[in-house]
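Naming follows writing order (A, B, C and D), and every chain is counted from residue 1.
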Amino acid sequence: MNSFSGSRTRAAGAVLHGAALVAMGLCWAVPAFADDAIRIVSPYQTTTLDPMRSAAAGNIETYGQLYSRLLRRNSETGALEPGLAEKWEISPDGKTYTFHLRDANFSDGSPITASDVAFSLERIRSDKKSAYPAPLGAVESVTAADPKTVLVTLKSAFAPFLGNAEIWNMGIVSKADVEKRGEEAAFASVPVTSGPYEVKQWKPNERLILEPNSHYWRKGYPKSDATVELIEVASPETRIAMLKAGEIDAVRAVPWAQVDELKAVDTIDMRLEPSTTIYMTLLNHKREPFSNLKARQAAGMAIDNKAMAKAITRGYAEPANTTLPGSVDFHDKDYPGIAYDPAKAKELLAESGMVGHEVKILAAADAPSQQTALLIQAQWQAIGLKPVIVNVDSGAWWDATGKGDYDAAANWWYNETPDPDLAVRWAVCGSCGSNSYNTFYANPKVDELVEQGTKEAEPVKRAEIYKEIQKVTTEEVAQIPLYYAPNAVAYSKRLQGLKLTPRCNGPWKRRPSASDPTQARPRIGACP
Amino acid sequence: MADSPILVQTAPPARIITPTMLIALVILGGWLVTALAASAIAPYDPDAIDIMNMLSPPSAAHWFGTDQVGRDVFSRVLFASRVDLLLCVVGVLPPLLIGTTIGLLSGYFGGVVDNVFMRIYDLTVAFPFFVLVLAIVGVLGPGLLNFILALTLVGWVSYARLVRAQVLTIRESEYIQAAKCLGYQPATILSHHVLPNAVGPVIAYAVSDAVLVMLAGASFGFLGMGAQPPLAEWGVMIADGQAFVQQAWWICLFPGLAAISLGLGFALLGDGLGLLQRKGVTA
Amino acid sequence: MSGLETSKPPLLEVKDLSVSFGGFAAVKNVSFTLQPGEILGIVGESGSGKSVTCRAVMRLLAATARAEGTVALDGRDLLTLSEDELCAVRGRDIGMIFQNPASHLDPLRRIGQQVAAPMIRHLGIGKREGLQRAVKLLEDVGIYEPEKRARSYPHEFSGGMKQRAMIAAAIGCQPKLLIADEPTTALDVTVQARILELLKELNRKTGLAMILISHDLGVVADICSRVVVMRNGEVVEQGPIDDVINRPRHPYTRLLIESQPGRKSYGTAGGPDRGTPLLSVENLSVTFPAGQGLLGGFGSSNSFRALDGVDLEINTGETVGIVGESGSGKSTLARSIIRLNTPSGGAIRLDGQDVGALGGEALTAFRRRVQMVFQNPYDSLNPRMTIAEAVAEPIWRHGIADRKAARKEADALLEMVELPSSLRDRKPQQLSGGQCQRVGLARALALKPQLLIADEITSALDVTTQAQILELLVRLQRERSLTLLYISHDLAVVSSLCQRVYVFKAGRVVEQGVARQVLSAPRDPYTQALVGALARLPSAGTIPLHNRS
Amino acid sequence: MSLLQLIARRLLQLIGVLAGISLVTFLLVHMAPGDPARLMAGERASPETIAAIRSQYGLDLPLWRQFLTYLTNLVSGDIGLSLRFQRPVSQLIEQFMWPTLFLTGYVLCLAIPPTVALAILGARRPGGIADQIIRLVGIAGLTIPVFWLGIMMSRFFGVSLGWFPVSGYGTGFAGHLHHLFLPALSTAIWLVPVLTQSLRAALIEKTTADFVTAARAQGATERQIFWQTMLPNAVLPTLNLLGVMVAFMIGGAIIVETVYAVPGLGTLMVNALLGRDYYVVQGLTLIFAVSTVLITLMVDLLTAFIDPRVRL
């Protein structure tokens, strides 16, 4: 009660000042920002600073800035390069990885040791609260051989392991700090970090202010001394308006409709960066009509994904031909995909006996989801289904898809690594814990192929395996692939003046971050 | 006595149809005709998607342009009037009926009944409207029907308060005492003597409430909680158009203007009715 | 007329004053003069234009009003003054007090400030001095503890005190003229007498000229030297008070005089029948919870006793009067009899049956036997119903006849109360107050009650109408052999109508007895004060009764 | 004494209201589909992870147990911890409260002077041309959807003309004023007609009040009558309305705050609802209720201060 009365007094003061100033007039310009800050706006929220705790997009972006991993990926070439691990050896049987750590320090100045690495990886692997232990699913144990050496033992040989060790949640945290402050407190506001930045201030739901970590192991990085503000703004309109007004330096997830316009703006560098994102439509295999193969095929053929890609993304996206993202390794570029053939679709639907069946299309409230849902609805209506769009927020979206209480849901996902292992496990594997991305698609043959792909080290053979997976799942219409979209990111050219081009390892140059429905925020977030 | 002080004696003689009322009736009548004849007037099917003709600006072919999936905005604005007019009526009636009943009982009988209702008033009033609607819609799912339900749960309070205040005065009036003295049943007194005299301001309020309902409908359609796609509704159209307002201002502008004009019709009607009501009381 | 009038220039001369609102002429060619030190009465019933005339003098009418003619104060025509000049005259040269002092005082400001305001404004004195003078003035107009009272707000004053405060504010600048618009109408008779006394004294001491507007000829006769009688916006007669009262030339003046309560005895039917009483009230007490503020009844145990051990009897065929000032509990008694109040003690018996214990059929039967007519003619009728519907409703609701027959019966009843059949489909707002009161009577009689309670049924009516209603009441009582309980604040009316009378004060019966005795030889001091306060026309009874239309 | 009684009574009432609101909110948010654990852990989280999080935060307990725990904490003055951010709800509210309060104050500053001016202008000659225009514009103002106005204004003034920032709160007092101008203006445009109508009606009613006639008869000039007599008497209903509106603005800031990306309580509420951050929703609802009751209390006290007839 005390604090409340205090705040009221202050509020009253503010009101009085306001009155005085309003009377004087409102025509002055305020510099939009101080020059020592780089402001990046994204729709995604930071909800936790513990790299183990979340797989949500805003957090992934943040983890990249705060925590170093054993390996890092070269942003130019995409190749894996040494991170905290200066070098590593793989045992001949492919089951033991020995990482040799470089001399590096946490942001509090303490050295990063093997026990920190072991502690961090072990949490990710076995802590119950770990959001995404899958990448370390093959690991049997992580141990610190000496302060500079980490031994990782796998259950069996696992080709993509190194790639997985680079994934966003593999960030190394300080064991001593977590044990000292406790798990919650250590990450509540200012964690000890190992990455290029440390937290200056975190205002949940509003912005995260980062400042360079003076103990970061890559000397000369980050290249700017500027603090970085990750600002959360839900409405794409507002984000663009802020960029145009010069209030911010970079905008993620630029709406397609704005791309052309922004390209024409002198002060803005509008980039379309390749991504592993695939837009697709989930189908619920658990219930009619899409438990029926012919109905799924009909639904797939009814959709003109070339036209949709052109219409929705203004031609910036490629039509998708398989269930996997177009830029993952072993993507089968030659596969013809599902042909657009409404007549055949009608026929197939008639054969399936699902004509006039109601289809519940779940739609999150962002503009692309809405557009996609509407277009799908119209195309399915044309072949004789009875599609109904149901708008939900992300909470309800996950609830409904998780329970299988839907028939179709337009969405998108991306793969964290170029290796397709995690992608297939996520999207089409019925026995990998993801229920094939809540579609409940389950084909034992595919599951078998997924396991083979993991174990196989030979690239040519792996290519065959993943080709087969793509063929089977696309033919069976596990999902309806729509298009492969680049990441549309707009930068203020002011950044170049600061010699912080997007191509260097600046803070904003993380891999295009996850765009998942968790963060695909419904209109309520986007607008008033 | 041109410079004599203001001493308002009497309002100008009451006419049933004042100019503002006339304007109101013309607007409302216009929208009613539009709603009924939407299919005849509209040049396009409001739900027809034209994937190659998205976000095209107003032109001879599309007077109000097309929206993000190539639908004709003009046709959609016309068709949406059906939903919005209906929303105004259906959104007002349930809170009106419930609120009036509760206000009558609460005001007339007083005592425990009144106390219980007063506490519920307090609760509802202190409850942030949006949270309640969001939560209700969250529990029951989005859609117009659930939206109206949520609106009713909140909206009855205004009516109940209004009626209660009226009833508190009316129940002290001598004609109610006379009715009691004549041995009429409480139900008779309430329905034949209290209600007819309490209902005037309520009707006037209800008409202005229709504006608020429409705005709320638009706001919540805007928040994804009103009409479900592809059903054309002005709020939803504005909401969907917001993501494109930089290039395609027409998607937002026209539904907004339509909503304002319908709101104006109701507001003017309510204003006129309120004026009549006040004159009727003092006359 | 005496020669004095012409010898001295008049203080105020109103000449051919006409006021119209839109097309409606509210005042037509009114002329009169007022000499310094004189008290002029303007008498008329509602709608006669007397208030409009005086407001036209002060130019307090709405912008829509058009006033023509001349209103000369000391030779200066007020109608042509500019706004600024007018403000300098108002409150300075002319003071004004109003009918309802409660609504004419600003509820948000202290009495002292309000009394001081005109002096500060006109006399150019400071706030402090203004307040000091205000205290003095309050003392002058008879307010006790003026220092303390000056700090009170209007709502803390009684009606009489408010009027005194108004007077204090009006006379602070020692105006030449005081216009008093119905200054005592809203007040109890004893208070009225004291206020009139105060005005007389002011006139005597300071030579303040006054115009006293009243509907009550008695009041005017009490303090005025000359009188103007108005009707429908015109002056029908004017002259020295004695001439007008004793030798009225205009028939309307005669009607006014003759309608004065107490001028006539109505010789009600049936003498007191000393058998078992029809209605007996035994030791009746009624309490109400104390007034509720924002806090409600938060642990407030002190409740207000509206009736305190009242005993009363009414015999069949009798007319019993109840007299008392506001707050004396007389209406509470009426409401208790018809069960709108729940007594906290004692009993009410009709034919020996406890009324409070009635229920079901017995209650319905009781409702038919006892009916009531209410005070406010408009408020007692449902504004949404035509008068015929209102009268018919009890008949068919009680199953005495079907709706059609009830409608016929209602027509008969309305005829009985002398309402023309052309009015039957009108709603109450379209009728005059007297007509509404007749409807109220007809409705009460629809169930053919034995006992009729009339609660102040004429207090909102003009005197002439009042006389007519009383006439009607008496006739109905005779024709239908009604027992009548007549409640009024007006001792004159009660004594002329009733055989027995109970005098109420603060919830108790202070005196009872045969009406004429109570009136002529009151024993209780309060009754004596009541009787003394009656503003009666001089030399009553000398005027021949005239035909009534 | 009576003042204390009033406050005591209001506090008692507040406790009842808060208890009711807690229960209703609790049931509503818990009944809504969606799982905070899923939303926290993200899309790839395994069912085991979700279960672990649920059990850590006691989300797997029966509802009544959760509510009981919540109530127990509440009684001891603890409104809980945000599930998402692991911060005390009170801290979050403190962070987001200022923009909303600032915006509210700003709106009042923008709305009250024109309200008074317009109401006076209208009431000066009721039915006159100025009055008719004010009345009609007022009616029209009421019918403009705030969110639509927000979108249009931010597009026009913010983007096309670039006069004002279209989002955020800014830094420093001038920054706040600059950033919040459009949001405050859109809200004020909606608020002014509401208040004007109320004040105008009250003023017109008071022009025929007996005490105004009396003041005039005592020689007061029209100016004196207006400022000293009419306005104080007419302002009370509008003051009450204003109280209701301020309470509504604090609780209903969702629309305007989201249109303009103002980091205020409305934004916090939307995000908490979307993230199913139960205790933040609960805490905010309580804050809104408390502010409603407090504002009503302040209005009542002010009313009592102005009007001696109102007994506390």
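The rule is simple: contacts are C-beta pairs under 8 Å (C-beta built on N, C-alpha and C of every residue); 3 or more make two chains touch, one makes a residue touch a chain.
Small disclaimer: the values here were computed from a predicted structure and weren't measured.
Put simply, the chain nearest the middle, going by average C-alpha positions, is D. Comparing the CA-atom centres of all chains against that of chain A, the greatest distance is found for C. Between the Cα centres of chain C and chain D there is a gap of 49 Å.
The geometric centre of chain A is 85 Å away from that of chain C, both derived from CA atoms. Centroids of chain A and chain B (each the mean of its C-alpha atoms) stand 43 Å apart. Averaging Cα coordinates per chain places chain B and chain D 22 Å apart. Within chain D, contacts with two or more other chains are made by residues 32-34, 146-147, 151, 155, 159, 213, 216, 222, 254-255, 273.
Shared contact sites, meaning residues of chain A that touch two or more other chains, fall at 235, 237, 241, 393, 396, 522, 524, 526-528.
In chain C, the residues that reach two or more other chains under the touch definition are 60, 83. Working note: touching chain pairs come out as A-B, A-D, B-C, B-D, C-D. Those residues of chain B that touch chain A in the complex are listed here as 47, 49, 51-52, 54-55, 68-70, 134, 138, 141-142, 219, 222-225, 228-230, 239-240, 242-248.
Residues of chain C touching chain D in their complex: 58, 60, 83-84, 87-92, 94-96, 98, 100, 103-108, 117-118, 121-122, 153, 155, 166, 169-170, 293-296, 298. Within the complex, the chain D residues that touch chain C are 2, 5-6, 9, 209-211, 213-222, 224, 229, 232-233, 300, 304, 306-312.
Residues of chain D touching chain B in their complex: 13, 16-17, 20-21, 24-25, 28-29, 31-34, 124-127, 135-136, 139-140, 142-148, 151-152, 155, 159, 204, 207-208, 213, 216, 222, 248, 251-252, 254-255, 266, 269, 273, 281, 284-285, 288-289, 292-293. Chain contact summary for the complex, chain C toward chain B: residues 21, 59-67, 79, 82-83, 335, 338-340, 363-364, 367-368, 371-372, 374-376, 379-384, 393-394, 397-398, 429, 440, 443-444, 447.
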